[in-house]
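In the two complexes that follow, subunit A is the common piece, with subunit B as its partner first and subunit C second.
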Partner chain A sequence: MASAATKHFIRQRFTAMVQVPLTVWLVISVITMIGATRVEMLEWVSTWWVAALLVTWFLSVPLHMSIGIGDIIDDYIHKKGSRSALSLLNSIYALAIGVVGVFAVIAIAFIA
Partner chain B sequence: MVELTLPRNSKISGEGKKYEGKAGDSAEMRTVNIYRYDPDSGQNPRVDSYKIDVNGISMVLDLLIKVKSDLDPTVAFRRSCREGVCGSCAFNINGKNGLACTTGLDELGSGDINIYPLPHMPVVKDLVTDLTKFYEQHAAIQPFLQSDDVPEEEHLQSPEDREHLDGLYECILCASCSTACPSYWWNGNKKAEGQEDQEYLGPAALLQAHRWIKDSRDDKTDERLAQLDDTFKLYRCHTIMNCVQVCPKGLNPAAAISEIKRMLVERSGQKVT
Partner chain C sequence: MSESVRQVTFIPGENAPVSPHLQVWKFTWTMAASISQRISGVGNAIGMLLLTAWITSAAISESAFDAVSGFLGSPIGIVLLAGFTASVMFHMLNGLRYLAMDSGKVISKEAGNVTSALAYIGAVVLTAAILFAGFSFAGGAN
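And now, the complex of A and B:
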């Protein structure tokens, strides 16, 4: 059974690996969509596999971000109370970004 | 929070003293700036300048010895073997940690030579730093053979298994790597904050930990890995690689640390792809 420290390390590496192809795909896709109308963009996001990839991206990025910022907090914040408070804020911030991102994709795919 | 201001009596202030040696016909005069600090004086550190003939001198340690013998006998520094084996004369030379005895003057360009103590360590006097914490961290990884076997003569090892220790056993504990590591600066010594249980062991101790983990004769591999499986002891390494850049023996502590992390992932039953 992995310790919390090793689990943290595995999550960091795993989310990084997931993001490499996803981010390359997203950047290329957005560039190729330059000049597209709003309706065309909504249609693209509504495509089932695009929506699935975007949801994955919005789950992976905030998780990776929170791990990275958590590492910075562990590095530089030495007071245990401040470190716990900032770690909590960091988790809430990442969760909020993830929820908003996933909600936006689902809203476009199923409601718009 | 992290300490953003320097402790009292640690800022370099005031004009340092200037010394000038005799310049003969074939003299090659060069200026050496040396960090000076005497805690008994109660004064802040200063940097003294020594203009000295370097003709016939090839290594920084020889230069320091000449400064001490010809210009200023009060300069304090450690040295012993003068051939890169004992690790005593590790300083920050022109901004890079290394051994004075194996750093040639020809590696330092043609300008002034600046010699400071190892970064972020308490200074005992001048270039002599207090390495107590560094040695404690080395002791913490239990750097000795722990075997369940009690052989009649000695613990045997095949040449192939012995090769696994190459690049690990050569460490001379000069502290160049650990004191070049920003993670070690921030988290290497938290005694003053009462958080000694949340300290980063540093590249040197972790390289040695890996040396014993890889030793085929040692039976405590799992216990050693379990001891290192910690957010602070091991995972403060962010592969900055300063340790690799400065190691005077050409070792790679960052690779050793990565290998420990990989072994911990495997130990946890999951694979890194």
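And now, the complex of A and C:
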């Protein structure tokens, strides 16, 4: 258990550093995609390097947000029952975002 | 020797150090930035629903994509996207502060207050620039 905090610390910083350049890229890309048709959207997502960066995003972000929200839950929710329940919901939410996001990108990249 | 390597298990709610109480702090920029980092972090996690829905709807069908794009382009959608943008920009800029602090830089009280305030200013400026670019692009594309 004692190494869990260090693992979280390192993962939180690692994902943060990955996400800084990805966020800059994604914001600029999304601006250029405003008003795009579905065909243009599918074309963009299925570009190999866009798909790779989006998959990286959907792997990194859920990890980062589950660690961060987990810290908030541990800090402010003192009742054991509510804390475990919220931690479980937190994990499920992060997993859902990650799985759906990665699956959608891969589906578009290989099918569209 | 043995004393220095003793491991302590922290149990939240029992013996773990707790976060500062949210209502009994004197205002400082660093404290505001710390609390804002957590609030914007939760906001970003909720905002991920918008991004994930947008990409997933394109994978599903034409009508799903139109529904999500229509919602994001509606007044409520634009307000949500603006909030998401501001939240991400602040979280990113303030997060860079924390990364710098982890490598031993800007850890003085003065530097902390200056860079925290800069994170807020930077977030406002970047959000305004992004919204401006977004509206110009949307206007120009039609």
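Annotations
What we mean here is this: the second predicted complex is superposed on the first by the 108 of 112 C-alpha atoms of A that agree within 3 Å, B and C clash if a C-alpha of one lies under 4 Å from a C-alpha of the other, contacts with A are read in each partner's own complex, and residues count from 1 in each chain.
By our rule, contacts are C-beta pairs under 8 Å (C-beta built on N, C-alpha and C of every residue); 3 or more make two chains touch, one makes a residue touch a chain.
Only a predicted model underlies this, so the values are computations on that prediction, with no experimental measurement involved.
In this overlay on subunit A, subunit B clashes with subunit C.
In the superposition on chain A, A:78 contacts both subunit B and subunit C.
By the touch criterion defined above, A:10 reaches subunit B but does not reach subunit C. Comparing subunit C and subunit B on the residues of subunit A they touch gives the larger count to C.
In the superposition on chain A, the residues of subunit A contacted by subunit B and by subunit C overlap at 1-2, 5, 13, 17, 74-80. For subunit A in complex with subunit B, the touching residues are 1-10, 13, 17, 71, 74-80, 82. Taken together, the subunit C residues at the contact with subunit A in this complex read 7-10, 12-13, 16, 18-19, 38, 41-42, 44-45, 48-49, 51-52, 55-56, 58-59, 62, 65-66, 85, 88, 92, 95-96, 98-99, 102, 130, 133-134, 137-138, 141-142.
The residues of subunit B lying in touch with subunit A in their complex are 1-2, 183, 186-187, 190, 193, 195, 229-232, 234-236, 238, 261, 264-265, 267-270, 272-273.
On the side of subunit A, the complex with subunit C involves touching residues 1-2, 5, 13, 16-17, 19-20, 23, 27, 31-32, 34-35, 38, 41-42, 45, 54, 58, 61, 65, 68-69, 72, 74-80, 83, 93-94, 97, 100-101, 104-105, 107-108, 111-112.
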